[in-house]
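In the two complexes below, chain A is the common chain; its partner is chain B in one and chain C in the other.
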Partner chain A sequence: MLEARLEQAQILKKVVDSIKDLVQDCNFDCNDSGIALQAMDNSHVALVSMMLKAEGFSPYRCDRNIALGVNLVSLTKVLRAAQNEDILTLKAEDAPDSLNLVFESSENDRISEYDLKLMDIDQEHLGIPETEYAATISMPSAEFRRICTDLMAMSESVTIDATKDGVKFSCNGDIGNGAVTLRSHQNVDKPELNIDIELTEPVGLTFSLKYLVNFCKAQALSSTVKICLSNEVPLLVEYGLSGSSYLRFYLAPKIGDEE
Partner chain B sequence: MARTTRSKASASTAATSETKSTPSNTKSRYTLPTESTNPPKLFILPTSATKDAKIVSLLNPRYTKPTRYLVCPETGIYEFTRIAAPKATPRSWLIECGNTGKVEEKTSEDGAELGAYITKGADLYVATLIDPLFLILPAFAAQSANTKDEKRMFISSDDHLDSIREKSPHLSEILRWGNIRTLLESRMAAICDTAEAGDETMFRFNEDKLLTEVLSKAQKMSEQSLPKSMEEKFVTKALEAPVVGMKRENTTTLSISQTEAQVQSETPASTSTVSTPKPESVESQSSALSTGTAPSLVSEVSTAATSVVEESITTTTTAAELTPSLGASPEITTLQRLRTAFNFICSCYIAPSQVTRLQTKLKEQKPPPIDFTPLDNYLEEISKLRQELAAARSVGDYSRKRVLDEEELADRAEKKRRKEEEEKRKKAGESKGVRDLKKVNTVGMKKMSDFFKKK
Partner chain C sequence: MGIKGLFPIIKDEAPAAIKEGDIKNQFGRKVAIDASMSIYSFLIAVRSDGQQLMNESGDTTSHLMGMFYRTLRMVDNGIKPLYVFDGAPPKLKSGELARRFQRKAEAKEGLEEAKETGTAEDVEKFSRRTVRVTKEHNAECQQLLKLMGIPYIIAPTEAEAQCAVLARAGKVYAAASEDMDTLCFDSPVLLRHLTFSEQRKEPIQEIHVDKVLEGLNMDRKQFVDLCILLGCDYVDPIPKIGPSTALKLIRQYGTLEKVVEYIKSDSKYTLPEDWPFEDARALFFEPDVRPADDPLCDVKWEKPDIEGLVKFLVTDKGFNEDRVRAGGARLEKATKSSQQARLEGFFKVIPKTDEEKAVHKRKLEEQNEAKKKKLKEDKKEKAKAKAKPRGAV
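And then the complex of A and B:
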């Protein structure tokens, strides 16, 4: 039996919104530590990993491990009925065929209740090791999004070069080329605008901009984003959520395709 | 003897090319001379034809309109066959009329410039002997159409020919030449009943005689082998049995022949038990064509018709040991050749209305002058086989399936519908973003499972 109560429905709304364009169906794996999600896109070149820790809910109860197989388009439809500030409660049986969602409005005494049919999804789980990345860049999520959308107008892929001078996002397209360079930057008044570059060795990798722009839909979840790069491993784009919950995206670099 | 001749300007029907003057505003130093209104044509004329031979217009027996023939007062009448290069590979003649070439009937307009010509087309006219019999056939066209043999009258050859004199411009003229009249009359006698009336011979058209005449020509033609292209298209192809991917124990390729044997075996075969070949012994031979459908069809469908075919096939394969490539027996091939020759003669020299009458006569005449039944039986067998093969193929399923009955068809339609629905539902569960991502170029990107190991 699962029962998880979120103070703000918007967290789940935004999480689902930001991954529904990457993944079609996925399992929400619920256990006593929280609700986790791991899924790949159709091409299996990108992976999304979400963790909503039990501490983020009040209360959280999960007696047994449950996999909630959900079609994200359907879930979006249901969640659209919830206001951002509503209290959201997820409930499911131990071997559920539907997920019960309750939205409570704190302003008025409106309670809406939905049951979402579940599906069996056969998904493989990948073990993601803890990695020491060669470069870790923290920056405002809006900035990252802007860079990605700006460069997407020029090309389909971006090369991220992290050196001790800064990090350079450059692209080369049919109409020309473009680059955005960021340097470490501290803003005392607004720490969320800080740009922080940690570098152990210089890296340069190329990625598909379409995917990066897709990841940027999670911008609403967090004001900052962490980008981690190392040669020969997937790029990690992480949006931190309240507590130690997170939404992470992984993307395979483009190799041998210097267009 | 090849000669270049020029038709007289007065015979304008023959002059096909039109005057086309070169554009006067060309700046080129060389101007092309104006195209001749009456360009020379190339003919190959028989050496046997005498000097007096002339090209005249006579009624074409097939198309009932005046056509050119070469008439020699002594040796007979020749028809022209035009040999032309195909449109795709244009050619021309370079004709030199100097010392070697001899242009007859020099006219003033040929003038001094008469040296060499380049003709537009590379047509060549070959004159070959034609049986005058065909030329007088149109005279009997009206009679053969509507009157019974008995009601026809014995009339003189002149009266017969009167009926076509109008449409055959030079007929009266040539009748006055040498022995043309005797020639025509002797040929007329070949297809007519004759009666002596005083010193004049009277003729009455006899279709049976015509049929015999045409058949004997066809026989002659088919005895020497037909031209290769004709043989291939109308004999070999027509007699080819469809390749059935069927093999039984040690029999070679299916070969049907000896229709008589088949016909006889049909009756007992349909009653006898149908031995279905075991799947192991069934080997498809031409994969594209049959891919196992034919044997399955034969073996599984237990309708009378099929079993007959199957049995008859086996009987023949065992009864008549024939080369696998040749399906038809020599007898059938000969018949087919004869029929092809007959049809060819009919289609070239005899008016369509007369042809149909001849063909019905050929079928109905008792006893038949030529017995085509073995050939007909064989062809019927082949067409039946073809139909079955086509039916088997149209099933489109290469597994060992029977011909679909309605229930199965409905089942299939239902399945298809369900599949479509499912697809639609699947589409609905897919966001626009996911759809768009499918189009993203992922070249050079490794799969996630290459980086992260499965748990």
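And then the complex of A and C:
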């Protein structure tokens, strides 16, 4: 059986909030190392990969591999009943029909308990190869969001060019064009505002802004975001969570026509 | 038309083979479309007040209207269509064609009669049945496609077979047809409902042949045999053999030869006199098609000739000029924009372990079993309700 106690309900609330527009139904795969989730959007352009490590819970217990097939809209409804600071406990049997969620208020003795019906989801899993990315950019997650929403007003796609001079986000739309360039930058007082660019070779790729803006909903989870690029592979956008847990998004690039 | 009752079988036995989704999920894919069938469906469906659309001089324009707007819908959604026209029909289809011809003749008579005596509804019904795709319809559609910059090829015989060959060779992602025959021609993927109107809100059905075979637990030969037994365009169906019997017979005997032997030896079924199933099978396995590496199959999507479109559709056929120009602009835009790639091109699907497959299969069987049980019980209930004398409480 599974029993996982999370000190702050907001972590799960925010994770689900940031992926529910991309994915409708998915399996939460639980095993002794933690709770993982991998799902693609309907058109198979973007992929969400989440890992909540066992260390992030106290206590965490899962003796057998369990797949919890969840409708994320329904899960959102249940999680709305939890306050951000509540203690959240997930419980499930070995071959469960439902997932039990308990929210304990940290301030008073209020305890609420919900059972969410589960479903059978026949899901395809993708093997994601370990990749040494040519460019890795760390920046404040709010900054990334601002770039994406600003450029979204101009065009549906953005070209990201990483060179030794910096990273340039540029777009070309019907009403005109626009570009934002960032350079490596250290802020001694507020290290969370650092911009850090690691580059082994120049990269230039084009992506759909609609998806990137969607990923930016995860901004609430982490103050910084890591963007990894290599030519001719999907983009990786990673929001780090406490411990080595993470929420990752992959996005397939747009490619020029071969003809 | 097609294979009788094949879709429900696949739905029950191999649900994993069928995916349904929005047309926009098909973006970036090249698709070979059975043109002749599409034109036929346009002639039937694209109407106003039950009448085919016509220009001022009385020429039918339903097919052009359908071809133009439904193709635009695909292009808007990032699909690259390639139309394949029927060539000469194979000889074995003559039976089916003769039947169709007879039906048309009957319908024509019916139409005459309905015009004299029947209601407007009857007239409409019969007039739909008299629809035939003529050489002129085909020629006009080909002219239109050329102006739109959409490629087309003419198959030596059956268009579906040619579509399947192109898909198998990877020239296109899928064959699009309403006809389930296309699966017998071994198209890896079949798309249905692609040329439907937007208003029908029908999701696009994607049928994967490998998953069909896996779900039915058959090889391709058995699958084709099953389709022949179900009733295809080339041989008559056997009376009293429906989908469930056909499936049972093929599962029990393995090949059509043995099924025929069984039917001949002793059974309640009678084989039609002339039942050349071997020829039908040969048509599915070795259809007369152009190999995919033939230079004639090298196709290109080009820019539309907007002035040409305006001249053909507006001046000759009486279409609205603004709409045609707007359509041309949409075609032009589609040739320019870059294509969104899919993740599958980069990350590979991890194949399921045998254990997972077994679990999945068991669940499916349980589901089917439960469904059957429920059906049976429902029937029993109904029978019970009927058995009660009327008026009894």
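Some points to look at:
What we mean here is this: the second predicted complex is superposed on the first by the 256 of 259 C-alpha atoms of A that agree within 3 Å, B and C clash if a C-alpha of one lies under 4 Å from a C-alpha of the other, contacts with A are read in each partner's own complex, and residues count from 1 in each chain.
Basically, contacts are C-beta pairs under 8 Å (C-beta built on N, C-alpha and C of every residue); 3 or more make two chains touch, one makes a residue touch a chain.
The model shown is predicted, which means the values in this text are computed figures rather than measured ones.
The superposed arrangement places chain B and chain C in clashing positions on chain A.
After overlaying the two complexes on the shared chain, residue contacts for A:Pro234 are found with chain B and with chain C alike. In the superposed pair of complexes, A:Asp122 makes contact with chain C only, with no contact to chain B.
With both structures placed on the common chain, the touch criterion links A:Gly256 to chain B and to chain C.
Once the two complexes are overlaid on the shared chain, A:Ala46 sits against chain B and chain C alike. By the touch criterion stated above, A:Ser208 is placed in contact with chain B and with chain C alike. Once the two structures are superposed, chain B and chain C can be ranked by residues of chain A touched, with B on top.
Of the two partner chains placed by the overlay, only chain B lies in contact with A:Gln24; chain C stays clear of it.
Judged by the touch definition given at the top, the superposed model places A:Arg183 against neither chain B nor chain C. Shared interface residues of chain A, touching chain B in one complex and chain C in the other, are 40, 42-47, 124-129, 208, 233-234, 250, 252-257.
Residues of chain A touching chain B in their complex: 20-25, 40-47, 71-74, 76, 124-129, 156, 208, 210-211, 214, 233-234, 250-257. Listed in rising order, the residues of chain A touching chain C in the complex are 40, 42-47, 120, 122, 124-129, 157, 206, 208, 233-234, 250, 252-257, 259. Residue ranges of chain B in contact with chain A, taken from their complex: 428-434, 436-438, 440-455. Interface residues of chain C, counted against chain A in their complex, comprise 16, 21-22, 24-25, 27, 300-301, 338-350, 360, 363.
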